[in-house]
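Input: a single structure, listed below in structure tokens.
Chain lettering (A, B, C and D) follows the sequence in which the chains are written, and residue indices restart at 1 in each chain.
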Amino acid sequence: MLDKNGIAQRIAQEVEHGQYVNLGIGIPTLVANFIPEGIDVEFQSENGILGMGPFPFEGEEDADMINAGKQTVTLEKGAVLFDSATSFAMIRGQHVQLTILGAMEVSETGDIANWKIPGKMVKGMGGAMDLVASADNIIVAMMHTNRAGESKVLPKCSLPLTGVNCVKKVVTNMAVLDILPEGGFKLLERAPGVSVEEIVAATAGKLIVEGEIPEMNLG
Amino acid sequence: MAMNKLVSGVEEALEGVHDDMTFMLGGFGLCGIPENCIAELRKRGIKNLTCISNNAGVDDFGLGLLLQTRQIKKMISSYVGENDEFERQMLSGELEVDLIPQGSLAERCLAGGAGIPAFFTPAGYGTEVGEGKEVRMFNGKPHILEAALTADFAFVKAWKGDSSGNLVFKGTARNFNPPMAMAGKITVAEVEELVPLGELDPNFVHTPGIFVQRIFQGASFEKRIEQRTVRSKN
Amino acid sequence: MLDKNGIAQRIAQEVEHGQYVNLGIGIPTLVANFIPEGIDVEFQSENGILGMGPFPFEGEEDADMINAGKQTVTLEKGAVLFDSATSFAMIRGQHVQLTILGAMEVSETGDIANWKIPGKMVKGMGGAMDLVASADNIIVAMMHTNRAGESKVLPKCSLPLTGVNCVKKVVTNMAVLDILPEGGFKLLERAPGVSVEEIVAATAGKLIVEGEIPEMNLG
Amino acid sequence: MAMNKLVSGVEEALEGVHDDMTFMLGGFGLCGIPENCIAELRKRGIKNLTCISNNAGVDDFGLGLLLQTRQIKKMISSYVGENDEFERQMLSGELEVDLIPQGSLAERCLAGGAGIPAFFTPAGYGTEVGEGKEVRMFNGKPHILEAALTADFAFVKAWKGDSSGNLVFKGTARNFNPPMAMAGKITVAEVEELVPLGELDPNFVHTPGIFVQRIFQGASFEKRIEQRTVRSKN
């Protein structure tokens, strides 16, 4: 099983040289720490940064320089600042090529739910609905099951949706899954020490297992 | 000769606000929020407000201050976490909440300011947000029709500004301020620093003064940091 | 009869303190020369200027500083520069409060034609269609008749339209006319030395003449 | 680490252009036009081009150069006066011309770049421009539905730019360049001055590099003035 950093590390392998990437709150934020040398990417923060850098050194925090998670951040060389409308023009216009975000549930047809639990919790969708409706490539980073041990990898989402038919890949603490255009989770890789049987047991949606499933290579 | 939008302070700037009005408030989280205008709205005690703002502040700062006093009837926002009182009022039904995808919120304000009454966007199709809205396919992809937003007053916070209402923002404090400045029937700008006319480089103004009706130097700015996150020097 | 400068001078009386004004090519451009002391207005040029100033002194022309008529111009103190999309956001969003433009024809219902003579001339509408569809107040500056002596103040435009039901006032070399909401040109003022009979003769559209018609006061 | 969009010059920048493509070209009149790209398009002799540009240049400069050589099949513009060869080709039917209100042209490019496939505008209602387009009332006023524009290549001209494609424009040479930069599948920027990465103030960049795929320093810029107008010093 992977921890959050492990999930982030595995997702970092999906990031391609020259991509503009939006990282959601939580596990996705950690992905920035694992981008290999030589892969040039720029991180977009939807509150108005392109070329977001690491957290500031202590004492150098600036209230006017935060990311979409409201954390203090810095800028990389060549960064740009802009307003929210311009930011979502970049997102909606598919100039941001890769979106990595968390989810409460993902369905075998690529639907995602991550903003509301009726009657219990409503944080709002923030920029997630724009992001999942727009980017060509959307990767979900999440735990395979919830705290009650129930699968989050489902035939159909039970919670209010954030987007439909949009998620292309899911990386969990147990597996890497492609979502096929015709529906279904295709098992690509197992997390270290996790068996195919365990993944089958933890996956409620249609799982496609073909041939030998390799263990993730986390270098 | 440039117009003079300068008012004496927040009291004069908010002349004409009253119960039941719709306000836009710039800011993302606590970054770039019109602190002085919010304080004055609280002081005036006007009620039944509809507030369009990306977030709803925290319990004791930002729009949270107007939630404490129950001045807000309805919030139109994209993300409202980090605020317990908000969640309580919403789940109990005391507060009406219209949640909107963040990009649609920004674009709806921009459209309101730009005389575009409606536009199609893919965001929210197939979700609660799309319910009851017109759906149309473009390039093989479903889109929903979203309407422009405007407000009786838009309150924005800028870094620098001049007497004709030209504004410059700093860092990520820009966020929703420029699109909202365009969409207010009356747009009020509070600035950290009022500069003499002619000092702002005409080529690098973020919000042209034509969108601003009143401007004043804010008395003070707390500029609270919501999530102070640092790394060590090693 | 007024010359072009006279028309511009009369129109300048319509400009109110605190207005943002867009001046079209030709006679409207001249209006800027007649704004009285104490009336603060800012001129918008739709190619990207708010706070447009006079022409530059010789030797100070800048190829990167032109107005919508492609003439070299200068900036007033407090001016701002922006792109074409922002410029028309100002116009379409009715932030520009007054538009003064030329016309080939105006109709008694406020229609205007000024961009095309089928088969003969097509310059294009430029920003005129956005301007007339948007501003609350639209004043047309033109000669009362064309070179052939035919009235340009018509029951209905014969040329392709630029906008419908939009013109509020017409100032010509002969008269000041309001266009009434219910249709018709209401004669408000005569140009110096021009009789009501001459205006009646030169106006093909429905002209409403009530009571004594004063002569323009050009100070 | 910022992306590197720098190419060696106009030849490399135009790799992949060919007959029958749709191009956007920034500029207003002769102000802010991509002179180097236009010269290279003429040199390559590619034909049947659709050019989206606010104007069509003059007889011997700007897009007029491509009209002389009959490389343009169709122009999409708002104003095409000041060009005799253009008028001749248009009236004789050799050249297809789609005339669009200037604001709609700018907004349609912006929309194309911003993932908004269509929007309502009042401009052109009741005119030839509105013919065949959907009409809808908003606030008691008729509007028409206009579609987004995109292009195979967008050619823009900036004052300063860096290797990651961040651009700054000067004066009124900004005009259509920023919205068109957003709407090109491949956007090529020619700049008067290439500056080291980090030299442009992140707070004052007009076009973020994400919209630009290739950038190069223009070999030369004539920057011709169309209407030299001056006043005397008295």
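Methods note: a contact is a pair of C-beta atoms (placed from the backbone, for glycine too) under 8 Å apart; a residue touches a chain by one contact, two chains touch by 3 or more.
Since we're looking at a predicted model, the values are computed, not measured.
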item: Set of chains whose contacts include both subunit D and subunit A; value: B
item: Chain pair, B-C or C-D, that carries the greater number of C-beta contacts; value: C-D
item: Chain located farthest away, centre of subunit C as origin (C-alpha); value: A
item: Centre-of-Cα separation between subunit D and subunit B, whole angstrom; value: 32
item: Whole-Å separation of chain centres (CA-atom averages), subunit B against subunit C; value: 36
item: Chain centre separation (subunit A, subunit C; CA means) in Å; value: 55
item: Length of the line joining the C-alpha centres of subunit C and subunit D, rounded to whole Å; value: 28
item: Shared-contact residues (touching 2 or more other chains) in subunit B; value: 107, 110, 114-116, 121-122, 169-171, 203
item: Residues within subunit C bordering two or more other chains; value: 81-82, 88, 91-92, 134
item: Listing of all chain pairs that touch each other, if any do; value: A-B, A-D, B-C, B-D, C-D
item: Residues of subunit C defined as touching subunit D within the complex; value: 45-49, 54-73, 81-85, 87-88, 91-92, 111, 115-116, 119-130, 133-134, 160-165
item: Of all residues in subunit B, those that touch subunit C in their complex; value: 1-4, 110, 112-116, 162-164, 166, 182, 197-198, 202-203, 205, 208-211
item: Residues of subunit D touching subunit C in the complex; value: 28-32, 54, 77-82, 87, 90-91, 97, 99, 101-107, 109-110, 121-129, 159, 169-179, 206, 223-233
item: Subunit B-facing residues of subunit C, complex; value: 18, 20, 40-42, 44, 50-51, 75-82, 86, 88-96, 134
item: List of subunit B residues in touch with subunit D within their complex; value: 107, 111, 114-122, 136, 138-139, 143, 168-171, 203-204
